[in-house]
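As written, the chain order gives the labels A, B, C and D, with residue 1 at the start of each chain.
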Amino acid sequence: MAEPILATRGLIKRFGGLVATDQIDLDVAAGSVHALIGPNGAGKTTLIGQLSGEIRPDSGSIRLEGRDITAAPVHKRCRLGLARSFQITSIFPDFTARENVAMAVQSRLGHSFRFWRRAKSDPARTGPADALLAEVGLEDRGNMPAAALSHGEHRQLEIAMALATAPRLLLLDEPMAGMGVEESVRMVETLQRLKGRISILLVEHDMDAVFALADRITVLVYGRAIATGTPAEIRANQEVRAAYLGADEEEG
Amino acid sequence: MLLLIEQSLNGLQFGLLLFLLAAGLTLVFGIMDLVNLAHGSLYMMGAYFAATFITWTDSFVLGAVLALGAAFLLGVAIELVAVRTLYARDHLDHVLATFGLLLFFNELVRLVWGPAGRTIQLPGILNTSVELLPGLSYPTYRLVVILVGGLVAFGLYWLVARTRTGMRIRAGASDREMVGALGIDIRKLYTLVFGLGAVLAALAGIMAAPITTVSIGMGERILIVAFVVIVIGGIGSIRGAFVAALMVGMIDTVGRAFLPEILRGFMSVPAANTLAPALASMLVYILMALILFLRPQGLFPARSG
Amino acid sequence: MRVTPRLVVYGLFMLALAMVPTLAQVLAEPFLVTLFTRMIILAVAAVSLNLILGYGGMVSFGHAVYLGIGGYTVGILAEHGTTNGFVQWPLAIGISALYATVVGAICLRTRGVYFIMITLAFAQLVYFVGVGLYAYGGDDGLTIYTRSDFAGLIRMSHKPSFYYLCFAILCIEILIIHRIVHSRFGLVIRASKSNDRRANAIGIPTFRYRLAAFVIAGSFCGLAGAMLATQADYISPAVMHWTRSGDLIVSVVLGGMGSLFGPAVGTIVFLLLEEVLSSLTEYWQLVFGPMLLLLVLFAKRGIDGLLPGGDRG
Amino acid sequence: MNTRLLATAMAFALAAVPAAAQQKVKIGFLNTATGPQAAIGQDFRRSADLAVEHLGGKMGDLAIEMIYEDDGFKPDVGKQKTEKMIESDKVNFLTGYLWSNILLASYKPAIDSETYIISANAGPSQIAGEQCSPYFFSTSWQNDQTPMAMGEVLNQKGVKKLYVIAPNYPAGRDMVAGVKRTYKGEVIGEDMTKWPDQLDFAAELSKAKAAKADAIFTFFPGAHGVQFITQYAQAGLKDTVPLYTTYTIDALSLPLIKDLALGIPGTQFWVNDLPNEANKKFVGDFKKKYGTYPSFYGAQAYDAIMLIDSAVRAVKGDLKNKAAIGAALKKAEFNSVRGSYKYGNNNFPIQNFYLQTVVKDAEGMLTLKNEGAVLKDHQDTYAAKCPMK
């Protein structure tokens, strides 16, 4: 196998007595969609926090395309090609949808110590922004204040913002949380289109989406990765069924 | 040596006074997320109430108790009329609105009590000094301040850590919605906590009054130092406020007392005499900048994020 | 820029300010010029605060410190015989910028209420430095016996000339702030106010931009300090008192945070209000205090928010 | 007047201002009416009002128009109000001025506009020295003088080891320098406290006690004085280490300090029982009107109005004749409540300084009692630096 785009080794994070991340070794193959699943409280968000740089691990290392980013700040990781969406919608509510994406475009264009030229009408920003809005299906929402968009549109907008930074790897933290069926379908379509172009690490509760999209799945329980494999392998894994899927299937 | 002990007592006494003021401030911030610049006004109002009630009742203790009651009512009234509407707002709004309250109370006091200020006469027994060690006599009243401050610190710790109300308070600090879910009337709790903060501020004002007299603007001068205390301690943390208050009290007092001598050790006497008072007045702020540089959330961060 | 009723109001306002010296002459009220010079200088300070407070969401409770730094730079240089304005004023700006860089680097590590408090604490620190400047008058302040001299280009002691200088500086400042907030840099500042976490997540290291904005705001306010000291021929620690920082915040909010002209209007309305109320009653703060509360509760966007015509920005 | 100006300022209304016919003498009085120091301002203004009343509202043939402005204890506001009184009200005289920082801020516009400014309290050394001006007069004193008198008192009392505690601002430093100028014993300790926000002097008092001084010298004006003396008494020092003060105990602070002040000496250029007719009338009528003794601030304000009156009458109401007014002011030919005095070359009074102590009057009210002159016809030291002859 080629070098994984993202690799963690021995990642540990404790909060007081609680071990939220317990010796995680995770490899995300380049170009793949890798899903991270697990019951509530399994430590998914903590892990994403460490990968994106908002939480500092107690020990272990994180590599992005072979490069050690364990100590790199959030913005640096983004520059290196790691973009993320948040579990709870995180946008610039005071800005228009176009400006939300344009900010991310601007970030890619280099430093922002430009004090004089009017930026809002700068085609270097708005051109790519409009293209990305179209890509996620928000082309007619560009001039609306972001705060006024629907929940599903917010998630799409976040994807557009993440894409604007020209990422090599997308960290998507429950992109379908709180969505209706129709919106979820649209999101899956969007992600399908991205598949292959960009590597994706996907945290998601919607199992239909996970099994539809993922090349590989890692199951997290109580901070530990109890299994990693293809969707079929995971489906067949007894331990996973016991700890997690079993309950799900009984219900369903 | 005796001087060092005496200065430490002075520092302790000042620190505990600061704690009384800072505790209310940090409680209100920790639970309601409210920045209250008018906290110093409650300190002042407590002292003015006490001055009046002590004159009426001719008893220091009775007057002080009445003043605490009045301060509680005032606190509740302020909460109901003005502060309640601010919880949903951001910190800037708090700063502005309570800045307005501060101006209002200063002016109100001038209108009601006149510009001249008041003094509170201590009962004769408190107006003396006690010989603690041979050669070390210390003002009785300051010992009382230390005692009361210590008791209140302990009482607060007990209240927050051990009682039902304290549990609600802690729950309120960590998770607002959960408190609501527990069926606690959060509005009443907030009013109560604000009233409690007012009582603590007023108590500090009353305790300070016989030493520093009662005057308009007395609250602001000490309020900023109290802010330094809660920021150093970690906003919202009673324990942090306690540790930081004692730290600030000690550093301020001991700095003032010994800085000139220390500086004279390595510079000329006139230079030391010029520098020492200026440096002494900056010490607590330097301390704060240093601590925040190392720990931007203070010593005991009560809430994360 | 679209012409909205709001813009017309601001245009008339600026025009009225431009007319002050003429009006003063017509009315034989030379004091109007003096009064408005001070207002305009404080407006320069408020407009500078608006860059970080209104656009950047940084609630600095120590902005008045720059008035002192700028003022003392001019005062101390004049005391030592350097009255060349081309030396004094740039130095006033430079020292303010330097101070803002150091203090900003510490303060901007903190958030929310910590930021408010630490800026306040630094302001107190500098205030006490001023009080301790015994060689330069300490608490008594420093009288500036010779006004800054710009190679004779401007008659600094001629009140209308000086007024127009201050007015021009205000106009230039508003123009610069206008350009800044609409530039890429300005958008970063506003994005950071809107959602700092998000801004970092899309790869923008907001800290350095916020720091830069903090320094720009401090520099402008330092310039205002130099102007204030020149206008008063005097500087003292009193201008750095924490309540002065409070006054500046009040001016900005009263005029409208994050609006271009709002803070200038706010400053002038605030100072006129102070004059009117204090001439009506000695107890004017009894009225003014609750007015602040009402402003916060019912007119959060200040005067700017009350004007008709389109969105801000 | 103020409202008229504001009306014009705000509305830019085209109201023509009538050229004020010079039928009256306009006196601008800068005071501190708001803020923590308003208590002094109240006494200051009451005394000025009383002086106007005693003059029957007229100076010679001219009606008096008093224009009171509040500096809010802020130098730049004081300066602006001064300019307003000069430019807008076109006052003939400026007086009041409690604080040296406010006077220093306001000094230049007054002098530049050649308006006579009579400081009724503040007397910073700059203005007494290099920056003296023919347009400036003082009816108070220069900071050095009162402590110099106290230094003499300390010598007479045989104090060998002195401990000094004073606030760290220019007046505080002037006081310390002043007492050192005449005091011949040893200063064994010197603490300069934080100004104005230090209200607790426990640390300093502890040090003074530990140093085993013969006496403490202090200077704390206004509310700080009340606090200092209260804490001094609480620390049990009153029976062991006597206290000597300047400007710490006055008619304003006495009702607050109460009996703790009994027996504590101070020095002053004026005491309310000085046996001259002007003083008896001033103190008597003040007490009748307001129920308390006037303070020295009040005495100075009263004298300032009376000094202006003497000049206006000397020029027979010709207020345009500035040179003549200056010459008349310089003569100080009026009945000062301190007894007659002369002006030195720097236009600061050459006057006596008295020892005063706290006693109870016939009605049991605390008051200050004159114990005799310590310095006679004393001129301040900065006069030598003033280039005026």
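Keep in mind that, in the parts below, a contact is a pair of C-beta atoms (placed from the backbone, for glycine too) under 8 Å apart; a residue touches a chain by one contact, two chains touch by 3 or more.
None of these values were measured; they are calculated from a predicted model.
Between the contact lists of chain C and chain D, the overlap consists of B.
Mean C-alpha positions place chain A and chain B at a centre distance of 47 Å.
Averaging Cα coordinates per chain places chain B and chain C 32 Å apart. Mean C-alpha positions place chain B and chain D at a centre distance of 35 Å. The distance from the centre of chain A to the centre of chain D, each centre being the mean of the chain's C-alpha atoms, comes to 73 Å. Residue numbers of chain B whose C-beta contacts span two or more other chains: 107, 110, 277-278, 281. Chain contacts: chain A has no residue touching two or more partner chains. Residues of chain C found to touch two or more other chains are 128, 131-132, 134, 284-285. Pairwise, the chains that touch each other are A-C, B-C, B-D, C-D. Partner chain C is touched in their complex by these residues of chain B: 29, 35, 82, 85-86, 89, 91-93, 95-97, 99-108, 110-111, 224, 227-228, 230-231, 235, 274-275, 277-279, 281-282, 285-286, 288-289, 292-293, 296-298. Contact residues on chain C toward chain D in their complex (touch as defined above): 16, 19, 23, 26-32, 34-36, 38, 128, 131-132, 134, 137-141, 143, 145, 228, 232-234, 236, 238-239, 272, 275-276, 278-280, 282, 284-285. For chain D in complex with chain B, the residues that touch the partner chain are 34-36, 38-39, 41-42, 168, 190-194, 196-200, 202-204, 206-207, 210, 223, 226-227, 230-231, 233-236, 252, 255-258.
By the touch criterion stated above, chain C contacts chain A in their complex at residues 179-180, 182-188, 190-191, 193-195, 197-206, 209, 212.
Put simply, chain B touches chain D in their complex at residues 2-3, 6-7, 10, 13-14, 107, 110, 114-119, 121-122, 127-129, 137, 139, 141-142, 210-213, 215-218, 221-222, 253-254, 256-257, 260, 273, 276-278, 280-281.
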